[in-house]
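Two complexes follow with chain A in common, the first pairing it with chain B and the second with chain C.
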Partner chain A sequence: MTLKDAFEKRKTDLNEFKEKRRKIRPFIKGDDKIPEGLYEKCPSCEASLHSEQVKNNSFICTECGEHIRVRAIDRIYLTTDKYSFKEYGSDYLSKNPLNIENYEDKLRKLKDSNGINEAYVYGTARINGEKCVIGVMDSYFLMGSMGSVVGEKVTKTFELATAKNVPVIIFTASGGARMQEGIYSLMQMAKTSTEIAKFSEGGGLYISVLTHPTTGGVTASFATLGDIIIAEPKALIGFAGPRVIEQTIGQTLPEGFQRSEFLLSKGFIDKVVHRNDIKPLLGKLLKLHRRSDA
Partner chain B sequence: MDTLKNVEKIKGLEKALSELLNSSDSDFETLSSFKEIEKKIEKLRVGYLSKLSPWDKVKLARHAKRPTSLDYINHIFGDFIELHGDRLFRDDESIVGGIATINGKAVTIIAQQKGKTTEENIKRNFGMPHPEGYRKALRLMKQAEKFNRPIITFVDTPGAYPGLGAEERGQGEAIARNLFEMSRLSVPVLAIVIAEGGSGGALALAVANHVYMLENSIYSILSPEGYASILWKDSSKASEAAEVMKLTAQDLIKINIIEKIINEPVGGAHEFPGITAENVKEAIIEFLEEFEDKSNSYIIKQRYNKFRDIGEYRRLSDLL
Partner chain C sequence: MKKVLIANRGEIAVRIIRACKEMGIQTVAVYSVADRDSLHVTLADEAVCIGGARSSESYLKMENIISAAVNTGADAVHPGFGFLSENSVFSKLCADCDITFIGPSGAVIDNMGNKAKAKSMMIEAGVSVVPGSDGTVTLEEGLIVAREIGYPVLIKASSGGGGKGMRIAHTESEFSGGYKAAALEAMNSFGDDAMYIEKFIVNPKHIEFQILADSFGNVVHLGERDCSVQRRNQKILEEAPSSSLTDEQRKEMGEASVKAAKFVNYCNAGTIEYVVTDDKYYFIEMNTRIQVEHPVTEMITGVDLIKEQIKIASGKPLGFTQEDITFNGHSIEARINAEDPKMNFRPSPGEITALHVPGGFGIRFDSAVYTGYKISPFYDSMVGKLIVHGKTRKEAISKMRRALEELIIDGITDNTKLLYLILHNPEFVKGKFNTGFIEKYIDSLLDYR
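Entry: the complex of A and B
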């Protein structure tokens, strides 16, 4: 490829990217546009649900109340005030440092189908009028796994909040560290935790909201480091995955093991909160921690 | 094909040769030709060892005779006083901690401990800590900070234990808390991977100013078996996984994840544990000297910068 070709390719890439973001943005800003005639199955009770109805019900199953996994942009729509979200760092892209076959293709496809570049989105927003920096993991993007980009963006989330002197809210949903990036992914656990420690020392408030599923390296780093930790009902939250534990101990796990309610009773989270009650609660907490100098 | 097997064969030959040399009262000519053969074998041996594949290193790192943390601690420090318990739940024997001196200077030691026999391994839970192990480590690190003692950690674990009790008592939180707290410690922290550095369970003792690795140790996001099983749905492809994972000391120093490789004798640390321990000791002393005059704020900042910079990504805006 000549230099000119390479330059042209980059230009095309960037235009495509801009086009995609343009398409996504109205959705984030709260225009209720959703492709018509789509049905989906509730992952819990398996009822056939009309997508629009599910969306209007905050992605909670209208039959059984299951909190269905939410895409990052929908979560932002559900949680922040209309037109208040401003995305930062949307142009971070993963590399393939271990040269894993098909990894780049996989990322490209996910980018196309999800309209986001990586498994984590962050930016400034208001929640019931209160300023904050919000970050959201997207479990539809490679199981929300954390590689270099997610690690860097989570770190940037706290740096942005420091610069703006506002609290951080992060919604987690992740299978853990991203295998395709090997040791780099492992190191993101240290990197994010290191940044949070610095932020915390500066007096910053960090609220983490754990959603289904939050496991592995994300649980063992920023997910469990919130000053206040909230979880959605029945979310799977743990370090080791249930299958790994079952293999290790040679028995099946008890009902409700590693679920939000279990963690609440063991003392590892502050509250289990229904999806519809999260926004008002966050609004109140932000107001309580409002800084006079912000 | 199998480099380690070849090394074993060569070692057998060497042994036979040295027996011959010792026992026979051969004339000068035979003796000198023996010496020639010996030189050739040595050349072969070094040649083979330089060709150790990542998978060979995985096997060496897990070698049954490989020295464990306590072997190093006892050799290097001598006057180790062990301290037990997390003050919350129980004493986790897969992590050993305490105080010792080196060059007349007090340090806090925290080490993951594997056993050598089945009995020992059960006692040490195969070097796989529970949350209370990490909380004991954190308690001792905070104590070290209070009394201004540098901290030396020895990393040797397949990973944090994935069990019922471990989950119930917050394995994830315990690891996260260590990463968080270690990053702000005002005393120098040195982590040495002596054999197996497996996943978050290893990292929870390795948010250090410097991370060193023994020549034939490994440090990775997951075991090669687990990696192959997740990525290719086939755990028998572990040796291929080891090739791509960048888990050897030689790979990791190239990408600035670690600062130093500590040499092992030819054939691995277990061949001459005393020599290996001396090499480790030298590295520790150099580290302590380097950080002796450093201010608390420098120590925290240097550690912060080390981890802040790790990551491989690009930005679309950089491409313009």
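Entry: the complex of A and C
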């Protein structure tokens, strides 16, 4: 027997022995000793990633470079100058106009666990010293869906920017209109679009940053109404999902369909920007568009 | 002392060679034809073949060993343990040839090595002894003594040791057969069939005290060793200190041991063995040599006993007093034997095809085996001694378990699994065991694959 084989055999014997003793003393599983959220899995390459390390890397997978979805609070932390963000509209709460079962419970729980009142957070901030109003959608909050509160807050975003005479930056990430609020959700598309038109007429700058995924009613309204539209790499951007389209038109979709790079080539967006380059780019754009009367 | 001949083989020969090398002393190994490839032959500066494979043709052949010493210019002989280590004739022979015998003089060996004589001397010295015959007895005299002290009794060879030449008689009907068998075994092993009788104390603790004595009359003891884990008087596991002695008992027995050694004008390293039951202890014998289990004492005292033996034999006084001896932590030794415990402990000689020796803090492996080494059927089956040292007994047990898990001696059958199970026995772990331990738990200790 080689030493390697002998070690293998010894291990088997020892495991058997320890197994036998376990019957006397119950084996206590140690799984619950590992705190939740210590590690996460990259949605693209499925690598096990140390959460802290991922956070320090702007939530970009350290293995494959995948831009992992970012919570609104983290996005604000990544994008704005330290301590510059001041939140507005954190006390709005959704009603349950269609009397959907458990909808209010669900919202309350999400509010408690996420520390935000809705799937959209906005306020004033500075980016590389430049003043702006920033709004961020949170895809961890009911998939960033747009209900009446999100629509109202987006509208308020532009009203705030008008009052402060500064540009607006919105990071979008949404599954579209919120089903639980039905027609009230769809009405937000018109509401936000009208407000943006007014803001634009007043000479305000609106930069839209599309992140993975930006779909449905959000794409069809304020997400794609930016004066400048930039997107993170490989983000899914579209109205209906690729599967629905395939079934409707009965054709196979081209590779990379509805992804940032595909949309860039079709002229729908202006630039695909790596997450680490977004803040410097925004800073530059804000500086270029700084109004003399601001 | 410039050059030492080691009149032994195996692990202890290697142990002595190592000590000599560290002291800058030249070494001469002697070997039988069966031991040509042994480690002690390889490690020694010189090696001399002294005869045939059987011990009686080599390691017990005094004239061959003396010739080897004279021819190589060795000025001292270390006898190790077993073989000629407690042979007074050999000690005297060395002295006659102007070769230092690293051990006590022939006269002392005669006194102490003769168990019956030793016992009467201890009575004289005031050390308590097990009730028994006054010196050696014939079969007929023995029967009368046995009737007086009551059964069970031990029939022991006066020159015996290592469990050889010893029988227990539980009743008078067993006495005669036991006496004859023990006497025959003693004659074959030691060339002396003088027997003595003593009361057999059922399942006592076996506790022994290590002593060191120089030629200036200074005697110190280095604490005790608990050797109660034994099978048919063959020690399996030894430890120091004993978890069953109180500090008062330790002090009292230590002082008694020093008194005993002084009384017989002892010189060099020796061991006083006691049986202990509850609060009583009885002297049983003195071993006038280094013991197999000496490393556990070394580990807790920091004293290299082999080096001390050599220094004492060179005529140097002890470098320390009793007050200087302190005990640090706990040490356990496990004897690794090439034997199959499941086949009634049958020896398992053969070639070691793969060997992995455990290491790490507090682990010591005294052995003479290596990969490719063939364990000879001619000699005892011990392949090595695994010794651990920890802060506490609990830590030492954990270390020993871990070390046994790592130890691999492939090609032969060994007793590591038995040892591993001993280390997991709840009574052993609690320290509640006596010489009846192995017999009591043998079924659970052999419950392995």
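Assume the second predicted complex is superposed on the first by the 254 of 294 C-alpha atoms of A that agree within 3 Å, B and C clash if a C-alpha of one lies under 4 Å from a C-alpha of the other, contacts with A are read in each partner's own complex, and residues count from 1 in each chain.
Following the convention adopted for this analysis, a contact is a pair of C-beta atoms (placed from the backbone, for glycine too) under 8 Å apart; a residue touches a chain by one contact, two chains touch by 3 or more.
Just so you know, these numbers come straight off a predicted model, no measurement behind them.
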Would you check which partner chain A:Arg10 touches, where first means chain B only, second means chain C only, and both and neither mean what they say?
both
Contact breadth on chain A, by residue count: chain C or chain B:
B
Partner chain in contact with A:Asn114 - chain B first, chain C second, else both or neither:
neither
First (chain B), second (chain C), both or neither: which does A:Ser148 touch?
first
I'd like to check the shared interface: which positions of chain A are touched by both chain B and chain C across the two complexes?
10, 13-14, 17
Residues of chain C that touch chain A when the two form their complex
353-356, 405, 408, 410-411, 417, 420, 424, 448-449
Chain A contact footprint on chain B (complex, rising order):
160-164, 166-173, 175-177, 179-181, 183-184, 199-200, 203-204, 206-207, 219-222, 227, 230-231, 244-247, 252, 255, 257, 303-304, 307-308, 310-317, 319-320
The residues of chain A that touch chain B in their complex are 10, 13-14, 17, 91-95, 97-100, 117, 148-149, 151-152, 155, 177, 179-191, 193-198, 200-201, 216-217, 219-225, 237-240, 244-245, 248-249, 253, 257-258, 266, 268
For the complex, give me every residue of chain A touching chain C.
1-3, 6-7, 10, 13-14, 16-17, 21
